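Just passing along the structure, written as structure tokens.
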Amino acid sequence: MVSALHIITAALAAAFLLGLLKEQQRGLAYGITLLTLALMSWISAGWLWTFASTGTAAVEIFTAGTEPPFAINLRIGLAEAALTLLINLVGLLSALALKDTLLALGRRAMAVWLVAVMALSGIVLTRDLFNLFVFFELTVIASAGLVLLSEHAKNDGQALAAGFKYLIVSQFISAFLLIGIIFAYHATGTLNIDDMAAAAPLLGGGAAQAFALAFFLIFIAVVAELKPFPANGWALDIYESAHPAFSALFSAATGAAALFAVDKLLLIGGDAWLPMATGIGIVTFVAANLLALPQTNDRRLLGYSSIAQTGLILAVLGQRDILGEHTLYIAGGLLLSHAIAKAGLYWLSGLIAERGLEAWAALRGQPLLIFAFVSFISMLSGLPPFPGFYAKWELIHLLAGEGRIVLLGLILFGALLEAGYLFRWFGYIMKREAPTEVVDNVAHKFGAVFATLAALAAAWALSLVWGELAGLQFDRFNMLLALPLLFALAFLLLDWLPVWVKNSLAIAGLLAWFYLTYTEYDPLRMIFAVIFLIGGSLTLLASYHEHGRRIGFYPSAMLMFAGLAMLIRATDSFDFFVAWELLTVGSYFLILRGKHSEPHALSYILFSLGGAFLILAGFALATQGAPYFDLAALADLVQPLAPWVFLLLAIGFMTKTAAIGLHIWLPGAHAEAETDVSPMVSGILLKAGLYGLIVLLLTMGRQDFYGVELINAMLWIGALTALIGNLLAIFQEDAKRLLAYSSIGQMGYAMFGLALMNHLGWLMALMFVINHYVYKSMLFLSVGGVAKRTGTRQMYRMGGLITLMPLSFIATLIGIIAVSGVPPLSGFGGRWIFYNAILTAEARLPMILIFLAGPIAFLYLFRLIYTIFLGQLKDEFRRVKEAPFWIVLPQMIYVAILLVVAVVPGLVLRHVDAYLNHFFPNGGLIWEGTTITSQFGYWNPVAIMIIVGVIFMTLFAWLLFVNRRAQKVKQFNIVFSAERPFRPETTHFAWNFFAPYRKALGFLTLPLVTLFWSTMTDLLHTAGDLARRFYTGNGQTYAFHLLAFVVIVYLFGMGVRP
Amino acid sequence: MIKRAIALLLTLAVGALFASLLVGYVPDSELNHTARYYAERTAEDIGAANIVTAIIVTYRGLDTLGEVTVLFISAAIVGLVLAQGRVLNNAPNNAPRQTRAPVSELLSTGSRVLTPLILLLGVYVFVNGHLTPGGGFQGGAIVASGMLLLLLADPLKQFSHRLIAVLESLSGLLFVGIGVLGVLLAGGFLDNRLLPIGTLGELFSAGVIPVIYSLIGLKVGAEFSSMLASLSETNHTENSEET
Amino acid sequence: MSFDWMKIPYALLTVFIVFNYGLLLGAFIQKIGARAGRRYGIPVWQNYVDLIKNYGQRTSITHGVMFYLGPVFRLTGGIGLLLFVPTIYGSYMFSNLSFAGDLILALYFVFFGTLGMALGAGESGHPHAAIGITRGLSQVSVAELPFALAVFAVALQYQTLSVTDIVAAQQGGVLNWTLFTNPLAVAAAMLAFLGSMMRPPFDVVIAPQEIPIGPPTEYHSAYLALMQTNRAIFPVAKMVIYMNLFFGGATSWPEFAVKVFLLYLFSAFVGVCFPRFRVEQSIRWFLIWAVPLGVQAILWV
Amino acid sequence: MISLAQMAMAAGFVLILIGFYGALTQRNLLRMIVAFSLANTGVHIVLVAVGHMRGRTAPILDAAVPVADALTRVIDPVPQALVLTAIVIGLGVTALMLAYALKLHARKHTLDIAKMTELKW
């Protein structure tokens, strides 16, 4: 094993060697630089391998032939090896990305680059306080110089100013650091970190006080290098103006090294200093993310994000007292995620010609780079399967176990903010107008592309490693290797195949998975399994209508299905949450594919992540520190914890079912999705939320929260959701939006049913689960087919399509009859159970509310069919054809299902009914012949079908017979208002259809909830926008910030310290 | 003047912090254990009469290497910064230079007499670093001051950048090389006992310390000179750009 | 399960009786309304004449399948409503086909015709059909609300959804009627009743003098005949439900005749006394006056 | 009683504060650099002062201070070593700042730091 010392000597030797070369031998110099960086990486990698594979203890490296503390010593252990490898690799890859610049500037720039990388490694390796200072100064100077790399290309003096600002601040920092070091030395008589850590606790009286003060100065100085809020304006200016390849180093490597230095310091200071680290860290995390919201410059945005992430890790380090041995795993996971993602994003930014976030739309033609971007932002947001996810999971659990709830909340809030701007950015990439100048010459920027792809590979490799580590730690299977997930990821590799192949594969996969697992499900899960898997493959039939390759569709869709498949099999909180995140992310990508779905997909992911965070918090609270727990154990929770857990989980699940107040993402997301995606996200995905609620209610049941029966609250929410959802639906002009609002209402019914907590209520909810899947999928496909043919979703622009699209009409007709529950179709069964169920409600008011929702549903459904298919045909649609075969086919299958279920509802219902007896033994249905009897009434579907059928057919036949010679009237063969209409536009009144209702009740449909959430986001944005103005750009102001920061932390921190 | 008031306030707050440091400061009455080790063992282990030098070059040699590197990259960056906007290729500037009024006879002659003396003093200071106060940095600075004198006397004077660079790099390389040799042949990186430590107080004692300190002296001198040269050259070109 | 085939002729008999009674009653009420307006009014047999005429006519035009289905839905709704509810309490003969479903089924059949009508009229060639449909749906849906609430209050009160059981619970004296045991529900239901009878003040939906809309103008000849048949059956069928739920049901045909007549008279009485509402006015009216009553009814049972 | 070391230290601190104040209030780049130099000097004085011990001499072993007596005769050598490093590093930074200031002036024709705020927010 080559001594880690040679990371330093190699870099220095090479840097000095470069000076011997002639100025013109730049190629050679560049080669030496790369070789040296590769050598340094190799040394670190060797050590990392040794430590990881053999688990040997850290190795001390003495210098000067003298033992510490009398001479400087270095140490390399697992963490050091990993960090130096990270630093050196980032240095190497950035050097590749910097090829042009370095070659243009010559050997001096390369030497500085080498020294910078070396100094960062030095910070990590050294165990001497003053040596740490030297390496820090080296970093500062090298960084200030390297900022100028961008001057070569831009030459506008901005980087120069940024570098100067950095030097100003660093002067203050080094003054504090030096004074701190000398007094700490004076107090303890040593400069060795470990020695000082041993000596410090032994100090007493005045010496201890003096030492505390000195340590404060050291600590604050090193923390200041982490760019804490608010003393970080200089860093932002650097991020914005520097060459992105340098920013990659500055963000990934410098941040990592400085964090490690703080970690060493905390070793000296002991636990008393942890709260200060946490405080600074979390404030920085939240504030930087908040300030990032209004950013429009990509590199500055990434700068804010870097600062935020560093803050988060600092906060994690500050929690070492409770994280204990997990600190390395957690902080490491976060740090590596941050470093790789941020480096990758900065390298990527080197490919983008302009600095606006929208300019990244240039990436759109490059699936691989898009995938890299997605991986990076997912990594930053802590989504599975990346290391940050595991880290966040453990962190939140440990925090919750210790009751550090405020910190937990702030972390999740900050993470949500961060996800907000990152995913908004992704939306820009996918949806905004690409600038004229596309990714400028990818071949030319080989280095940056290579570096980005290397980061991508590292990201996934690390996911695998962290999954394995998690496996070792909790004795479980690596989730990245879960079959559904692998199947979904495989589509990334198969994306070059044509649609029909991939579609067949996807369908086969879903069915095969169902076949493999169907024995495992109890009837309740079976319902969901059938909807998710069989139902999923049914909706996928519609995808055959697409041609070409449809890049990106299948990985996203299969990711969602993988999540769904894993969700119903999950038995413990970890698996459940992983599945939950996967389906959320997958569906987000699916929704984002819609043409105008950018803002809606964003609000979807934000609400979903917010909900997911609540679920995470709920799980964490429930486990009380254990890494995960069996979902069934939720039942064992007791007061006062239980209601809180219930509340968090319920709200989390309800964001997915779009309960009122949390519903605003749904209409846009479902309406703007592609034709075959809408049924997936509406008919199938919404059920995931219900599934969560079912699991929750099955285990936790009734909870009392400060005197409020939470189930009753849910009853109210369900009822209000149903009412408002339906009410909003009747005023929609957009057919798919109408259906989307209708889904909100339907989910309200289902929630209401669940909240009843009795046999009939659950039966009703499960009926809604099934029926809603069938008819909402069908209606979305039907309407989607119409929209595809007519090119619009505005219903008032359509009309009279019945003759042109008869099959779609039939599907819609059957669908609305089923939804409105008009007998004799299957919807009536649901309604019948529904009315029976609500009779059991103890709370009458919500019952009335949900009751009122019924007729309203009828109104919007009528509107849907009337405005699209009846009325007057429009000129421009005279030649419209029936929807494509593959879109019609599933609709017809659904029609068949509805008819069958209408006659024999027992097919499914009976089993569910029987199964529910396990949970609610009383109040079940009685099945007697074809009659179904409840405690209130009875119902005979077969008889109804026959009676209605006979009357109906008799009358119809007679009417047809007597009018057998009647001719169909041509559209304009009419007279009204004493005129003959000649244009269909003059004859259509479908716009603002239920005008009387709007006049009477319009106030109820004011978008108050939307107003609330948009005010919230506006407030956050405005706050961020105002606050960031205090980064005036004046280097002196930044110095003020720094000093103020030091003083404030001093006043706060030292006051708190014992 | 709110800004000044705040500045004053902040300064005072920092001052209060310092004041408590000052108040809490109790001078040691005897050496702490680190210092004691140095006082007791330096002569025996290192063989340098100047304990400070022993610490700088050997015990804390890594710091010193870093220090040298700081100067090295400072010089490099100063060169880079000032080179930007100029012809990138830093080859000897053949463009006809602006001539100024010749410096006075007295000045140029005086500088010519003094410079060798200054250089000599510098060399003396760094060669004797392990024995007397002074050392590589001080000596290097003195050497550079000789250069400064030359520059002041004749602002248009050109130094050979190439020579400076080679000197700087070579001494740096040797420094690192000796350090690594210490790992291979002696007790560790920068161990001075590569060479026999000799007798305390003699010129050729303390192992490689004199060698290293000389290298440092050369290197520091070269680096300062290079910075000075860069700065002074820029001045001309900037001026000429403006006129 | 063996099916009792005798139910079919008995059910048809019910339909026949109700149909005739409905025709006569309709004409009679119309005459009363005319007299109140100091007009002479139509002869009592006028409805028979109209009906026979319309059945005798043949049309040569249609607007498409849904156009056919409108009247079919409508009449199916009327007959279905009648048949799924027992007409005469305690009578096997006139319990009709109520074994197929309970009150909920009946409630849905109130809507059934409306849906069909709206669909059928929707396909008519008349451009203003949309306006009529909007008004009709808006008003009917809101008018049915208090009724549905009242029905539910009653179901809650008696803890059953079976019409027969509800009637059974009201036997044994006038004071046992829901009218007295749950007056709020009855009040709500009666207000709703006004709205669903398509009489003033809630008849803007079919008002011929507004704009030429509404079923009568869209349909003619045999189509219209079917709807007229429904006009005879549907109100009576609805009143049967009212009678059963709120007024103790009927144990014999005379009792049936009297109660239905009085109910019909009530709506006619209100109709001649009040002017016509616009649709949004009626929506507000129902929401302000009738719905709260229904809500109260449910809350206080 | 106040020792020499404490007086020196106090002077050092005052220098630092003067430097800080200057750096916060002077808008001219060069003046700021001068202020920082002052502050640096102050830091160095404090550094040296911390190592000072009453009645002892420089840590150089020669005729005056034999090896055997070193323990009781010399002051703490460590701060002296540190201060050297600190000085050199400070020098490097100062040189760098000067070069930046020179270049900034060439680019923007001003030395006012308040006018170099293109990057902000």
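For reference, chains read A, B, C and D in written order, and residue numbers begin at 1 within each chain.
The working rule: contacts are C-beta pairs under 8 Å (C-beta built on N, C-alpha and C of every residue); 3 or more make two chains touch, one makes a residue touch a chain.
Note that the coordinates shown come from a computational prediction; the quantities given were computed from them, not determined experimentally.
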With centres defined as CA means, the chain nearest the overall centre is A
Have a look at B-D versus A-B and report the one with more C-beta pairs in contact.
A-B
Centroid of chain C to centroid of chain D, CA atoms only: how many Å?
99
Taking each chain's mean CA coordinate, chain A and chain B are separated, in whole Å, by 53
Taking each chain's centre as the mean of its CA atoms, how far is chain B from chain C in angstrom?
106
Where the CA atoms of chain B average out and where those of chain D average out, how many Å apart are those spots?
16
Touching at least 2 other chains, the residues of chain D are 16, 20, 24, 50, 78, 85, 89, 92-93, 96, 100, 103
Give me the residue numbers in chain B that touch at least two other chains, ranges are fine.
7, 10-11, 14, 18, 21, 25, 28, 32, 34-35, 38, 60, 63, 66-67, 70, 73-74, 77, 81, 84-85
Can you list the residues of chain C that touch 2 or more other chains?
none
All chain pairs satisfying the touch rule are A-B, A-C, A-D, B-D
What residues on chain A touch chain B, complex-wise?
3, 5-6, 8-9, 12-13, 15-20, 23-24, 61-66, 69-72, 104-106, 108-109, 111-112, 115, 119, 122, 126, 128, 130-131, 134-135, 137-138, 141-142, 144-145, 148, 151-152, 155, 160, 179, 183, 186, 188-191, 206-207, 209-210, 213-214, 217, 1040, 1043-1044, 1046-1047, 1050
Enumerate the contact residues on chain A facing chain D in the complex.
130, 134, 137, 140-141, 144-145, 156-158, 160-165, 167-168, 170-172, 174-175, 178-179, 181-183, 185-186, 191, 233, 236-237, 240-241, 300, 1028-1029, 1031-1036, 1039-1040, 1043
In their shared complex, chain A is touched by residues of chain B numbered 6-7, 10-11, 13-14, 17-18, 20-21, 24-26, 28, 32-35, 37-38, 41, 45, 58-63, 65-67, 69-70, 72-74, 76-77, 79-81, 84-85, 88-91, 165-166, 168-170, 172-173, 175-177, 179-180, 182-183, 186-193
Can you name the residues of chain A that touch chain C in the complex?
802-803, 813, 817, 820-823, 828, 831-832, 835-836, 839, 844-845, 847-848, 851-852, 854-856, 858-859, 862, 865-866, 870-872, 929-931, 934, 936-940, 943-944, 947-948, 951-952, 955-956, 959-960, 962-963, 965-969, 971, 973-974, 976, 981, 986-990, 993-997, 999-1001
Okay, in this complex, where on chain B does chain D touch?
3-4, 7-8, 10-11, 14-15, 18-19, 21-22, 25, 27-32, 34-36, 38-40, 42-44, 49-52, 55-56, 60, 63-64, 66-67, 70-71, 73-75, 77-78, 81-82, 84-85, 131-133, 135, 137, 200-201, 220, 227, 230-231, 234-235, 238, 241
